[in-house]
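Next, two complexes with chain A in common: one pairs it with chain B, the other with chain C.
Moving on to the complex of A and B:
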């Protein structure tokens, strides 16, 4: 299993959520639901991103609990990151 | 004995709902964003007094305009928007379409996989010498099941009916089928109330899904993320199994028509399966997701717009509510 760098994960997340504001900083503590771009379609983007990078499907019930980037990484599994 | 699709016609109800209309109702929705992400700009919806049977009749009349209706000796209606619990809509349609009475007719309840199952059944009926000329009508009015405040589902779904004639032919034009079912996911796309398990509840409470869509248990519920998870697992598999069962490869396929769920999901699946973009049907823009109708409508539109031509081999894949899925390869 190839581990993903947290920096790369955040940058891909930003791209997938279509955060266009270059100055919008996303950190481990950023609450995804506070982002202007976050809506019901964002979950689809995150599902696609997780499948593409980790070949893994996360049950939708898991996303209800997601708040911060860090909590999303917990949901995917800390072992997937370096 | 061989089988082919002889004709397809479809009917869309007159009323059109645009993204701009939806943006007025749901101010946080961006018309451009919807189109960019899910590939839909407009959808047709039925009027209050218009039903799936009305649409089915219109589509049936259209296809029989240039086809000898006395040849039809079997009628199938695929719908999840039935006129009554009983009788079957197909029985009513037999009379309204003025078809012969010495024919078989029945309804079956499937959604986005429905057209593939209809083709499979039609092929079976013809090969077993039970029928020779079959009228398969898919007709759906999901908008009747959708709660007015359900932003997500109102954006995705449109109403339509399609009528397909399948008949005996010299050459085999409908290939081998792969069908699948996983009822474990039945709760993820459902109208919970209104059947006999949970009766329609006039006092049903509003349920907010947390992302701006509100419904009640009397209405259509779709767990979009879970449906996406299902398609990620099921669709690549049904594609490879259908190719294998037909002794062919993706390179030998001229065109691919998936159920038109939404652009985002279909594009993700296309990339995951490595289907070239120019071979992949995208037909959501002015019709939306019309459930069991998207595949016959896409075949007709692709043919009329020259994306597919005579002798093309086209891979068809349907997937959705149930869960239920199926694939086959047709020759145009």
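Moving on to the complex of A and C:
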């Protein structure tokens, strides 16, 4: 499977989270739990996104520990990104 | 491996009965912000649900559905050989509700009757049992009653589930008849993930007490008691992605059928986001997937027959239909049924 570009991952993540504020920048350091839009339904979107792009499932216990976008990428596995 | 094939047995009639009380999800503004409520309704697809009266049980909706179906199809009640009741909300702990229904419906004492305790996968499992018995020489007609009143064990203050569930009961008549083609079933279970959807107390493992009945504050401020449903939505989605497409493909292979020759896939009505995703993952058209959850929510084991009754009433004749139930247990089951001439009754309210 081809490695995903970090900027593409962040862009797709922002779309899945349905972040309304266009000026809201999402970076590696953004804490997802600080985003108003991040809830249990966002987790479903992210699970679908991870399955579609990487063909893997992350246990819900993993999502409990997620803080920043970088920590989400660590959970998926940094080897999947370029 | 529970892969089953049946010949000359099929579904002759289906009916459903739902409560009259409509609960609209847009009114849940006490525990949801307007924005998150709008998102929840859009993602799950559930706009409203029917909720039973306090004095009604699953068996009442099943009784109503069965009584009307038998009359409509002019079935001699003395010809019913077996009654199966599938539910996780029985009338009593004992005796089986099926036996009470045998009497309520005026069936003869020679009718066999028993309950099956399954939820989301319950209709397909129940159908497989009905088909199996119908393959016996002496069994010609089986009445499968499938229903739940999940609203009775859901905390309205638990955001993970308060918008999802509705109530209802259904009746399916299964018959032995040479007009029916071949049917196939795949049945599966994973008790290792039983914690993912559970009522923790009130059974015999963790008996009822003042403590188990007391609501507690859990993650993200969700409030529920140990005798109300707990659901790990993320883990359930993981499970459906891992297992459901695989099971459908397994059954298609077993039956030597191609997806393009399937007319409809009727999923357990859990969450539109989940089942749309599974459909796209299998590269199947969403046009083949009817939904009833917008109006009825997740009615547990009744959701598949309720979808057939509400959405396929004039569309099922001579169609090859996949039925796929998955969830609590964890338990999942897929069936491929030839719907030849099925009497689908108009939906009733009680």
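Going forward, the second predicted complex is superposed on the first by the 82 of 82 C-alpha atoms of A that agree within 3 Å, B and C clash if a C-alpha of one lies under 4 Å from a C-alpha of the other, contacts with A are read in each partner's own complex, and residues count from 1 in each chain.
What we mean here is this: a residue touches a chain if its C-beta (ideal position, glycine included) is under 8 Å from a C-beta of that chain, and two chains touch if they have at least 3 such contacts.
Every value quoted in this text rests on a predicted model; they were computed, and no experiment measured them.
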| item | value |
| --- | --- |
| Touching partner for A:6 - first (chain B), second (chain C), both, neither | neither |
| Partner chain in contact with A:19 - chain B first, chain C second, else both or neither | neither |
| Chain B versus chain C as contact partner of A:47, first or second or both or neither | both |
| Contacts of A:39 with chain B and chain C, given as first, second, both or neither | both |
| Interface residues of chain A shared between complexes with chain B and chain C | 39-41, 43-45, 47-48, 51, 57-60, 63 |
| Residue numbers on chain B that touch chain A, as the complex places them | 28, 37-38, 151-152, 209-213, 223-226, 228-229, 232-233, 264-265, 268, 272 |
| Contact set on chain A toward chain B in their complex | 39-41, 43-45, 47-48, 51-52, 57-60, 63-64 |
| Touching residues on chain C, where the partner in the complex is chain A | 35-36, 39-40, 43-44, 159-160, 220, 232-235, 237-238, 241-242, 271, 273-274, 277, 281 |
| In the complex with chain C, residue positions of chain A that touch it | 18, 36-37, 39-41, 43-45, 47-48, 51, 57-60, 63 |
